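Alright, structures below, take your time with them.
Note that chain A is present in both complexes that follow, paired respectively with chain B and with chain C.
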Partner chain A sequence: MSVTQAPFPIATPAAAAEAAERGAPGLLRRLPSSRVAMVGLSLVLFWVVLALLAPVLPLASPNAQDYAAIGHPGSSAAHLLGVDPLGRDVLSRLIWGARTVLAVAPIAVVTAYIVGCAMGLLAGYYRGWVDVVVSRVSDVILSFPVVVLYVILIANIGPSALNIVVAAVLASAPGIARIVRGLVLSLVNQEFVAAAELRRESDLYIMLVELLPNCRGPLITDFCLRLGYITIAIGTLGFLGLGLPPPTPDWGGMIKQGTAMLTVYPHMSLYPAFAIVSLVLGFNLLADGLTELSMSD
Partner chain B sequence: MLSYLTRRLLEVALTLLLASFVVFMVTEFSPGNVARRTLGPFATQEQVDILYNRLHLNDPLLVRYARWLGVLTGLQADPLQDPALGLNFTDPRGARYFGNFGYSTLYKAPVNDVLWDRLANTALLAGLAFAVIVPLSLLLGVIAGMRAGSGTDRIVSSLSIVMTSVPEFALGVMLVAVFVVLLHWLPGTSPLEREGGWPIAAQLVLPVATLAIYDAGYVARIVRSSMAEVMTRPYVRTAVLKGLPRRTVIVRHALRNAMIAPFTVILLQINWLIGGVVVTELVFGYPGFGRMLLDAALFGDISLIEAATLIALLVATTTQLASDIGYRLLDPQSRR
Partner chain C sequence: MPLLSIQDLRVEYRTSSGRMVVIPDFSLDIEPGESVGLVGESGCGKSTLLMAIMRYLGRNGSIPQGRILFEGRDLVALAEPELRQIRGSRIAIVYQEPATALNPSLTIGRQLMEVPQLHGASGRDARAAVVRVLADVHLPDAASIMRRYPHQISGGQKQRVVLALALLANPSLLLLDEPTTGLDVTVAAAVLDLVNELRRKYGTALVYVSHNLGVIAQVCDRVGVMYAGELVEDAAVDSLFTYPRHPYTRGLIASLPRIGADKRSAPLVPIPGVVPSPAELRQGCSFARRCRDADTGLCRTAAIPLRAATDTHLVRCNRFEHLEPLAVPFDVAMPQATSSEPIMEAHDLTRSFRLGRSHLLANDRLDITAQRGRVLAVVGESGSGKTTFARILTGLDQATGGMLRFKGKEIGRTLVRRRTRAQVAAIQMVFQNPDGTLNPSHRVGRPLGRALRRFGIARGRKAIEARVRELLEMVRLQPSVRHSLPRQLSGGQKQRIAIARAFAGNPELLIADEPVSALDVSVQAAVINLLLGIQADSGTTMVFISHDLVLVRYLADEVVVMYLGRVMESGPVEALFAPPYHPYTEALLSAVPLPEPGSGGRRIRLEGEIPSPLDPPPGCRFAGRCPRKVGAVCDTVPPPAREGAEGHLIFCHIPIEELRLVPAVVERGDAELVNVGAE
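And now, the complex of A and B:
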C-alpha cells in the first residue's frame, strides 16, 4: 500500500488544525518556557554529552583493572570516584555505562512505540475482531507484574542487549497500544476522518497522516515517562544479574557488584545509584514539564 | 451489576488462562531444555533422552500445556513424581491433587512446601508497605492538590517526582548507606531471624521504606492531580462562595470526589509492588516470594517459576478486578 496524496487540493479540517497549531507555538518549541522541563532536559543532556564524549575524555579504560588500587578503592588522583571491587575505574564505568543505557533505552522505547502505535491504530480504526484480538493480547501481557515478566523472559531467552530490547518492547507495547487506541476511538468519528474517507484516502494514509499526528500530545509525554521506566527496567535487570553480560559497564550491574562491599566502601554502589536517579529524574521532569505545557493550552 | 460481575469474572478467568499459557510457552518452549533442566547439569545425555521420552516431551506445545493444566487441577498424576522414574520426587500430598504445582528442583521439595511460607513473608512486607503508601500518598497529594500552584504544592510535587525517580534498588542502596553504614541505626539485611540481635521489627524498616517511597511518590502525584482538578469544579466554588469553612469544603465536598481516581490507582499498585518485592527482597536478603521467583528463574527451576508466576498473575488480576468493581461502586456516574 502506498501513501496516496489527495487527488485535488482540498482544505481538510486536519490541515486547518495543523495550520492553527503552527501559528500557536508547538509543544516542543514552547519547551524553554517550562522551568521544570528545562531542568529535566539539562539532566538528560548532561548524560548524553558525557556519553558522546566518552571516547575522547581522558578516562581509564572501563574494563582495565588497577590491582594496586583495590586495597584502597576510595577516590584518589588516579581514580576520581575510586575503583570497584575488581579495581576498575568507577568514573570511567559510569560514563561508559551512560552510553549503554542511552543506547538501549531509546531504541527499546522507539521500537515499542512503532509496535504499540501499530496495534493501537489498527484496533481503534478497524475495531471489530482486530480490536478484540489486540485488546485481549494487551490485557494478558499487562496482567503480568512488569518485573516478573522481564525476569521470566530474560531468564529464558538469555541476557543480551537485543533480548532486553525485545523484552522491553513486549512489556511496553500493549500499554502504548491502549493509549493510542483510546485516542483513536475519540478521533475516529470526527469530520476530518470522514473527509479523508470521502476523498478515498487509503486506510494506511488515514491512520498515519490523519489519526496518528493528532494523538501526539499525550504520546510525547508518555514517551518521556517510558524512557524513564525503561531506564529503571534496564537498571533493575542489571541489578538482578539479568542485565548486559559482563564486563559491559552497566549502572544496575555496577550497583549489584558494589553491594558486596556496601558496608565498607559504599561509593561503589552509590555513584551508579545517583547516576541512574539523575537520568530517570531528568526524563520524569521533562515529562512533567510537557504535561504542564499541554495543560496550559 | 451482577451481569457486570459475571462478565468481568469470565474475562479474568480467560486472561489468567491465556497468561498461564504464555508462562508455559516461555518456560517450556524447548522440550529438550525441560528434560535437561529437570535432571540438572550432571545428568548424561542418555538419561536426558530417557526422561524426554518418558514425559512425551516431543508432543506439541498445546498438548503439553493441556497435560500441565491437568496436573495442576488434579485431573492427572504428575508424571515426574512417578517412583518408576527414580527421581525421588515425593510429595506427601500424593501425586494427584488440586493445586499440584510439581516439584522444585532448586529446593528439592514439592513446590507447595516452598511457596506458601515465602508468600506469607512477602504478604507481610507488601502489607506494611501498603499501610505506609496509602496514608502517606493521600496526605502528600491532598496537601499539594488543595492549593494547586502554591509554594506548598511546588515543594510537595517536587518531592514526589524525586520519590518516583529513585528505583527500588538505588533507594535500597542509599538507605543502607545512610542508616546502616553511617548511623548504625538499622540492620542491612532482613533474614527475619533474630540473628545479630536485631529485632524483627527493625529488620522490616528498611525493606518497607524502600518499597513504599517509590510508590508513594507515584500515587501522591495521582492524588494531587485528581484533587487539583476537583478543586476547580463548580460545586466546590459554590461551597466556598456560600461561606462554608475551607475545612468543610475540602473534607466534605472535594475529598470524596477526588478519591475516586486514586482508589483504582492505589489498588493497581499491588501489581507494581509484586515487581518491587523482587528487587527489595534481593537487596535485603529477605526470605520472600520475590527472591524465590528470581532464584528459580536464574536456576531454571521450571515448576517453581510457573507456580510463582501464576500466583503473581492471580494476585495482579484479582486486584485489578477489585479495583474495577470498587470504581463502579464509588463513582456515581458509572453506577447507573
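And now, the complex of A and C:
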C-alpha cells in the first residue's frame, strides 16, 4: 500500500460523491484548482479572445500598407507596435495571425487524433500483423526529425493551410498511435473487455466504447502539448517561407520578414516571436497542470 | 518493561475532504519475543498502525497525540536521523508485496549485504552474515541466490529474501504486513512455518497483520482485533478463538467457512454493512451500526472502554456477557440437486501454446464433467490451468485438442464470436478481480442493460430499465446504484454487479473464477451466500474456480484438483476431503491455515515451488515435488486412474489400498455456529 495515501477503500456517500469528481472527466472540472493550468489557460484564452474579436477591434487592415510609416517603423500613436518593412501594422498582423494559428493548429491536431487513435486502437486490440504494420510505419515516420519531415512534405505538396494540416497529421499521428496502443494494451486484458466479448459486442463497439474512453486521461494532456508543437511547427514553416502564402498574416512569416532589420528595428521580429512563445507556453502550462491534477488523484 | 508500548495513539490524515482520523485512540503493549496478531477488515487501520510505528505516515499523515515507546524511547518525538538508526536495525518491516520490496536492478546479494555494511561491517563479514541468514530462511544455495536479480527468483523465494533482509540486523521487533497474501497455499504454508521457526531462533517480537484468521491462529500468541481504528478485543490466541467475545470478532469467525463444514450444514453468516469511513463522526461504539446485539441506549451514546473479561482477555463491548448466539440471517437451505444429467463434458481437452521451440501445455487431456444444477469446483494453485479451462468454456480461448461438449454440442474450438447468441448467453462468467470487472468509464447499469439487449432478453428502454432493477434487487443492491461509477462502489458491490451481469442472459452454466478471493472475509460470506442462493434458485450449473479448499468444501458438490494443467483427482466433495487422498490434495489440505490455534495436525510441506509448465516430463506432473514419490516410474509413466469411492478418481502410481491407509488430514469440523458467552 502506498504510504502517502490514507487507506479508505470503502465508499461512503460523502466519499463517493467526492470520488465522482475525480478521474478524467473531472479533470477539466477541477482545472481551477491548479494554478499552473490556470496561467496556461489564461495565456491561451488571451489569444483566443483577441482572435475572435479581430474583426471588431479598431485595427488597421493587416495587409494595408502605410508607406509614410516605413521610414519610422517604431511604435507610434497610429501603430502601437510599429509597422513591418512593408509598412503593415504589426499589432493588426499579430492579432489576425492568431486567427490563422488558432484555426489551423486545432484542426490539425484533431485530425491527427482521429487518425492516430484509429491506428493505435487497431494495433492494440488486434495485435498480430496489424500491430506490426502500424508500429513499423510509425517507427519509420518517427525516425525523421519533425522539422525535416515538415519541410520535405510542404516543399513537395506546396504551402497551404490544408497541406499544413496534412503534414501535421502525418507527423503527429504515429506518436498518438503509439500512446493509444500502449494504453489499449494495458486495458485489453482487463476483465471488462472479456465481459464485453461475452456479450458478443462488435469489435468497433469494444474499441470505441469500452477502450477509448479509458485512454482519455493521458490523451487530454497530450492533446494540449501537441497544440503547442503544431504552433511551433506552423511558426517554423512560416519562417522558412513554407507557411501560409503571403499576404496572409502568419507569425513565422513575420519573424522572417523582420530578420533583415533585426539589429535596427528588432520589434518586427520580436513581437511575433513573443506571440508564439506565449501561446506555446500557454499550451504547455495547461498540459503540465492537467498532468499535475491527474497525478494528485 | 514492554518492548513496545503504544499509548493513546492518534493518527490523522489530511485529505482534500478534510481531516480523517484513521486511528482515534490506540494503546497496546508488546513484550520482548511476543507475537501479536492484528486482524480486521481492510480499512480498519492495521497497516496505518504499522506505518505509524515505523513513522512512515507520508506527508499528509500526522500523530497529534500519543506515544510509541520502543525500548524506552518515544518514536513519536524522535527526529529523522535517530529514527533511521532504529529503522532496519531495531525494527524491521516486511510488506505484502515482496516483488516491490526488492530493487529490480541490483542483485539479491548486493541488496542483502547493504544492511550489515550500512551498520559498519566489512565486506567479508557482511557476506558471511548474509550467507548465514539465507541458510536460516531455507535458501541453502546462497552463492547462487546472491548472484541473481529479483526477477530471476520465484515469489516464495522473494518473500524469503525479504525476510532475510529484515532479519539481517537482528531486530528486536519485526512488523509483518500480510506477508503471505498473494502466495500459493503450499508456498504460504512454508513461509508461515519459516516465520514461526525464525521467531523462536531469533527471539524477535512480531506484529503480524493479516485479514486471515487462520494465519493469525498459526503464528501468534496474542491477537488484537481492530475495527475502525480501535482495538475492540485483545486476547490470548486460544481464548480468542474458543471464546470470541466482541460481536465483531464473532462475526469475523462466523463468516469464515470451517473445514469440514458445507453449505447445507453450516451456512456462512456475513457481517452486514461496511466499515465506517474515518471521516464519519463517532458516537458510542463504532461497530453498533453493524451489530446484531446493539442496544440503543447503552451502545450509541458514550465511548466504550476496554474491559477485562478474564485476565488475558480484554473486550470493548458493553454487552459481551449478554450476547445471543449467532443466528443464520435468512434461510439459505440449499436443495440437494439430485439430477445427474451432464450439461458440460470435457474429454481429453488440451490447450497448448507454442513458445519458441517449447510447448506449454496449459490444459493437458482434461476429463471434467459438470452435472446440471450442481456446483463443480476446480481447485489448484497458480499455473494449474484453471483459468485457461474457464476461458475455453466461455469461448474466450479455444482448445487445441480433445473435445468439449455443452448440452451435447461441441464448443471446444468455437470462439465466442462464432457461437450462437443462445450459446453465448448460456455460458457466462464472474471474474476474479473486482477492480477490473467493470469499465471504469461506464455507469454500472450500462453493462446490465447492454447484456439484456444483446441477448434479446428485454426490448425497449422501459422493459430493459425494469429488468435492470430486478437484477440489482436480485443481488441485493439499491436500484439507484445503476447510476454510480465503479470507483464509487466497494469491492463486494462491484462483484454483485458482476454477478447480476452474468445472470442477465439467464445462463445455464456460470463460471465463477475466484470471485471472492480479493474480498474481505465478512464480504466474502455475503457474496458466496448470494451466489449460491441465485444458483440454487435458478438451477444454474456452476463451475467454481478456487484455490481455497475450505471454501470449496463448503460450496461444491463435485471437485476437480488440478496441477500444472493435469487433473490429479476428481470426485464428489465428501470423497475428496477424506482418505484416500491424492498426495497433492493431501499436501494442499495440510497447508490450509486453520483458524483453530494448535490445530497444526499432520503437516506435509512441499519442497520448492510449482515448476515451469514448459515441456513437461512424460510421467506424473507432480512427481518433482511429491513427498510420496514411488520411484522412477513416476517420472516416466503417466499415473493410472485409481478408483476410490464411486466416481472418485485418483491419478497416482500408489495403489488405492495404500492410499487408503493415510489418516485424515483434518477432522470433520463440528457444524455448530460460534458458541459464545456461555463459559
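FYI, the second predicted complex is superposed on the first by the 272 of 297 C-alpha atoms of A that agree within 3 Å, B and C clash if a C-alpha of one lies under 4 Å from a C-alpha of the other, contacts with A are read in each partner's own complex, and residues count from 1 in each chain.
Just so we're on the same page, a residue touches a chain if its C-beta (ideal position, glycine included) is under 8 Å from a C-beta of that chain, and two chains touch if they have at least 3 such contacts.
On a predicted model such as this, the values are computed, not experimentally measured, just so you know.
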First, second, both or neither for A:G253, with chain B first and chain C second: neither
First (chain B), second (chain C), both or neither touched by A:E210: second
Contacts of A:A195 with chain B and chain C, given as first, second, both or neither: second
First (chain B), second (chain C), both or neither touched by A:T263: first
Overlapping contact positions on chain A, where the chain C interface meets the chain B interface: none
Chain B-touching residues of chain A, taken from the complex the two chains share: 136, 139-141, 143-148, 151-153, 155-156, 228, 232, 235-236, 239-242, 252, 255-256, 258-259, 262-263, 266, 269-270, 273-274, 276-277, 280-281, 284-285, 288
Chain A residues within the chain C interface of the complex: 1-12, 14-16, 18-20, 22-24, 190-192, 194-201, 210, 213-214, 216
Residue numbers on chain B that touch chain A, as the complex places them: 11, 14-16, 18-19, 22-23, 26-27, 29, 161-162, 164-170, 173-174, 176-177, 180-181, 188, 271-272, 274-276, 278-279, 282-283, 293-294, 297-298, 300, 305, 309, 312-313, 316-317, 320
Chain A-facing residues of chain C, complex: 13, 15-17, 20, 22, 42-43, 45, 47-48, 51, 56-61, 96, 177, 274-280, 394-396, 416-417, 419, 421, 424, 428-429, 431-433, 436-442, 447, 450-451, 454-455, 484-485, 487-491, 493, 498, 501
